[in-house]
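Letters A, B, C and D mark the chains as written, and numbering starts fresh at 1 in each.
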Amino acid sequence: MRRKIPLTIAFVFGIVMIIQFFIPHPVSRDFYQTMLDWRIIVIAFTYILAVSSLIRIHINKVRRKKTGWGFSYVTLISLTVTAVVGVIGGCFQPTQITTWLIEHFNWQIEQRTVLMVIFTYIQIPMGATMFSLLAFFIASAAFRAFKARNLTAIILLLTAFVVMLGRVPIGELITKRLPEVLQLQNIVEWILNYPNMAAQRGILMGVGLGMMATALKIILGIERGYLGGGD
Amino acid sequence: MGFWEKVMRLDRRWVFFLIALAVLIPFLKPLRLPISVTKPVKDIFDEVEKVPPEGPPLLIGTDYAPSTAPELDPMLYALLRHCFATKRRVMLVALYPQGAGMAQAGLDNVLPEFPEVKSGMDYVFLGYQPGIGSVILQMGEEIRRVFPTDAYGVSLDSLPMMEYIHNYDDIAFMMDLSGSSVPMLWVMYAGARYEQRIGVGTTAVSAAQYYPFLNTGQFKGMLGGLKGAAEYEKLIKKKGYTEARKVATIGMDAQSIAHLVILFLIIIGNIAFFASKSHRKKTKLTSG
Amino acid sequence: MNVLLALLFLMQQTPNSLPSDTTEVIEVVRPAPPTDVIAMDTPNDVGGSVSVQWEISEDDGKGLNNVILYNVFRGQSEEGPFDYIGTVGAGRTSYDDQTVEKDKVTYYYILKAQTKEAVESEASNVASGKAAPQWFHHGRWNILILGILFALFFAFYIRMAKGKKLFIRKIAGLDAVEEAVGRSTEMGKPVLFCPGIGYLYDIATIAALTILGRVAKKTAEYETRIIMPNYDPVVMSAAQEIVKQSYTEAGRPDNFNEKDIFYLTQDQFGFAAGVDGIMLREKPGAIFLQGVFYAESLILAETGHSVGAIQIAGTDRVTQLPFFISACDYTLIGEEMFAASSYLSRDPVMLGSIKGSDASKVVIISVILIGAILGILGGLNIGPFGTWFQSLVNWFGRG
Amino acid sequence: MKERKGLIIGSVILLIIFIGMLIKGEPSKSILVWIAALLTLFIYSFLYRDNIFYKFAEHLFVGVSVGYGISVYWQNAFIRKVFDPLFITKTYIVDGQFHLWPLLAIVIPTLMGLLMLSIFTKKQAWLIRIPIAFVVGMSAGISVPSTFQAYIFEHTKNTLYITLSISSFIMIVGVITTLVYFFFSKEHKGLLGKTANIGIWFIMIAFGASFGYTVMARISLLIGRMNFLLYDWLGVIK
């Protein structure tokens, strides 16, 4: 029962969605629309799980005074403030409260809501900076890990070399005098368009087959890993 | 310990320092290296030129987060400037929760240059909806189904620009800006199901991955990374559409130098690796 | 005086004194209208749509070259009136009118070309058409046929596989699972399993969970601790059940510790930083990076490398594979990861699906080879091969 | 001790450069830009070593991004898809007539979503499998034909656009050998093994290209931040 019901649900919806692909009739289309709406709603609920797990972890840290528990306050407070500001004050368009505040205190908000101000001046810069840290790590990884140990590694390294050089103006300058076919940016374009793409196609076809096989196994109830173990 | 072994054990913070310098110096002292326009970028530019002024709009998907914004923001700015300067209409949609913020930030940045451009008349910002694949598919039937209102809560039916816009048939071209796999979903659903013409603006990382789809025509063109954005800036500047500061173009000098530094690091790393290996062998021979 | 002047002015403006043709004076150059307009039901749709097609105007891209768009109008009768319904850019030769209110009712269409100066051409000929829904998408026959063929391969081999032992080639890294867990045990270190930042409906994540089941069984047998930080709470709850099951199967349900499979955060870099911290503190002997990975792959693999763990990675994300390959001991590339999940489950039915996928590959390779041969022969203008090649390409190009 | 000395000297140098830039440039007058810039610097401090500034920024980042997510889900999924149609626009009442199906179309997915919360109970936790099975099952159903079309059909089709050229030849060899590498039912020996080996070369070229691109992307991001610090914040460049 605990297995049968979910497996049946997966089977029925899986099969119906496959058949739907080939039927353009309104009946099938309307059903399809409704299903997509359902998925949007159900997925939204998983976010509740994520948030509650996060909050629990940080509350635990604070309670047990684990190392760095003080920082958990930072997370909890910033989370609460942002969520409250967003829910009460509005996401993209201001709610009445925000409009009232803006008129009353003569605020100048370019982004329309307080949430967007937080987003623009806290989240955007921090997110981008986090990612840009990778530039430094990549340099150090290139220095330490990219060694021409064997033939395959040499092929990888050489291609990376040519691509890195050919995709910037300086690479174009180096080979400016050569005939067009031998100019670096054209070589890179060729590598990307032929050998690279050939391999990409091969890999993608493989991945596609693997995904299709797994999806079929899910629908047929052979692959049950996602339901967890147990009865 | 030989010299090369010392190099191998170099504190990585020196490497960090070198990279920081490589990026910083070209900013303060620009080299102004020339930029040549590649075909995928020209293709996008031509597609946007084909969008009829004051007719069916260009749909821009801002499906990226702050983490990839430095690469994709310049593309958004350039596309918006291109359209606004030539009276082409724009629709913006976000399928990434943070994408809505990115689109709004982009508009805030560009709109002051075009005081005559009005929301609902010349552009519509649809906002964000969760459920990427579902949203794309539903937009193929009726945009109002997923987006009854625009991001500012105004009903789409009351927007003059939306009068004749219902689904992909009324959209001239679609440009998805994303560093994730969202463009693939656009191709799989909007492209395969509804034959929407789609172009992609993506990070340099994902660019390599999208080349196969470029050749198949599933993407009509591509802006790849900062370089792609710089090429696009060059194209719209050449046409005289905008005099705005070319964010991506300035960055390309720094990019060149940083690449050279990394190539240099790989070479040094390999020399050190092989030198210390042969050195070790030699010491083994003499001691044994 | 003024009155007189006004009177004179009025007299001068009598219709008789106007030039016989005003339009000539203003000199509006109208573009030529589009021609040969036809309208028909849009194929393979839900109904409610009529496709209008036409030949471009003489002045579109040639002639006066001033046409920038076409306006489409619709009416209820042949004589009109015609209402504006939409616009497409110059150079286009078709428009799908999706605003048809009733199926199986005839509508009438005309087109006008328009210039940049907003000058419209004369109306084109009138075309009529009806909308109707279809029950089957005829453009998708080719997909249906090949899709059914491939699905049959899967079904056939899965059926064949029941109760038989099928051969699967060695997948580098799979045999290392045992070695990795064993070495961790010897060193008295835990095993770390990281499912990446995918959700439960990502197929790569599901494959990773199957691999997890197998790894957990090994750790249960060796009585080694397994740690698993999670990005998605739903994946976490599924993983807990799977590991619990593996421990029960291995006969050591008491050794299962639910708290070792925990939620970290649904933020990419928060997650990467968190896993990094765990690697540095716990110093695992073996690290499995399996599932969906984005930019954090480099950070994770680098840190794992620095703590000296055996690392076995696998993902279907092509962009992240180079980093795994250079920093990990073994990497499952693309489909290898899906195959690995089937292989590790040791379930003959699962192995059957690998065979099915291989059979599909044989078909794809044959099609490409035949296409290549036909293409070359056709390119050299030998016999009918050129046309055969064209029809093969066209068959794939439908829909 | 030596490190501390270096740290102090380094900080003093950086401070002098910073003050110099403040004087020379046109620093931003917006306090928000200053906050963004300081947070950026907090995160970069991690490059030297983990420290409290970085930890603060990291925790703030997690909190803010989750809070933002809550707001967006609240507005776009809950208010728009459930609350509004249920209580405000009442899509299930058309012309004063009550219709069951439109109501169920809102209620059923909401109930299914609520089953997600069964995870918090010990006994009924299995109920979470129902929404999971729905999402996974229907996603699998949608993905079978779509994957087939986008991953397999399109790529086969486009490999077939063959011309008489070396490039075209390389394309075909590359696709076939790569596919052969992913062939699992036979041992990779003899001809098969050799073909698979060529496949590996092609795969490595693809990975090399992808690596090159990744380097490019990360540097681009760094450039973006530099642009922000030097142009938007300090205003030392034009």
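Operating definition for what follows: a residue touches a chain if its C-beta (ideal position, glycine included) is under 8 Å from a C-beta of that chain, and two chains touch if they have at least 3 such contacts.
On a predicted model such as this, the values are computed, not experimentally measured, just so you know.
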item: Minimal step count in the chain contact network, subunit B to subunit C; value: 1
item: Common touching chains of subunit D and subunit C; value: A, B
item: Furthest chain, CA centroid comparison against subunit B; value: C
item: Dominant chain pairing [most C-beta pairs in contact]; value: A-D
item: Distance from subunit C to subunit A - Cα centre to Cα centre, in angstrom; value: 15
item: Interchain centroid distance [CA atoms averaged], subunit A/subunit D, Å; value: 2
item: Averaged-CA centre spacing for the pair subunit D and subunit B, given as whole angstrom; value: 14
item: Shared-contact residues (touching 2 or more other chains) in subunit A; value: 21-22, 29, 37, 39-40, 43-44, 46, 49-50, 54, 91-92, 119-120, 123-128, 130-132, 134-136, 138, 142, 146, 153, 156-157, 160-161, 163-164, 167-168, 192-193, 196-197, 200-201, 203-207, 209, 211-212, 214-216, 218, 226-228, 230
item: For subunit D, residues contacting two or more additional chains; value: 47, 58, 61-62, 65-66, 68-69, 72-73, 76-77, 116, 119, 132, 135-136, 139-140, 142-146, 148-150, 152, 155-159, 172, 175-176, 179, 182, 203, 206-216, 219, 221-222, 224-225
item: Per-residue multi-chain contacts in subunit B, two or more chains; value: 16, 19, 23, 67-70, 98, 100-101, 127-130, 133, 141, 204-206, 208-209, 212, 215, 225, 227, 255, 258-259, 262
item: Contact graph of the chains (line, ring, star, complete, other); value: complete
item: Complex contact set, residues of subunit A against subunit B; value: 29, 32-33, 36-37, 39-40, 43-44, 91-93, 110-112, 116, 119-120, 123-128, 130-132, 135-136, 138-140, 142-144, 146-148, 157, 161, 163-165, 167-173, 185, 189, 192-193, 196-197, 200-201, 204
item: Interface residues, subunit A side, partner subunit C - complex; value: 21-26, 29, 46, 49-50, 53-54, 57, 127, 130-131, 134, 137-138, 141, 145-146, 153, 156, 160, 200, 203-207, 209-218, 222-223, 225-230
item: Contacting residues of subunit C [partner subunit B, same complex]; value: 46, 68-69, 85-91, 95-96, 98-99, 268-269, 294-295, 318-319
item: Subunit B-facing residues of subunit D, complex; value: 47-48, 65, 68-69, 72-73, 76-77, 80, 142, 146, 149-150, 154-155, 157-158, 206, 209-210, 212-217, 219-227, 230, 236-237
item: Subunit C-touching residues of subunit D, taken from the complex the two chains share; value: 58, 61-62, 65-66, 69, 116, 119, 125, 128, 132, 135-136, 139-140, 143-145, 148-149, 152-153, 156-157, 159-164, 172, 175-176, 179-180, 182-188, 203, 206-208, 210-211, 213-214
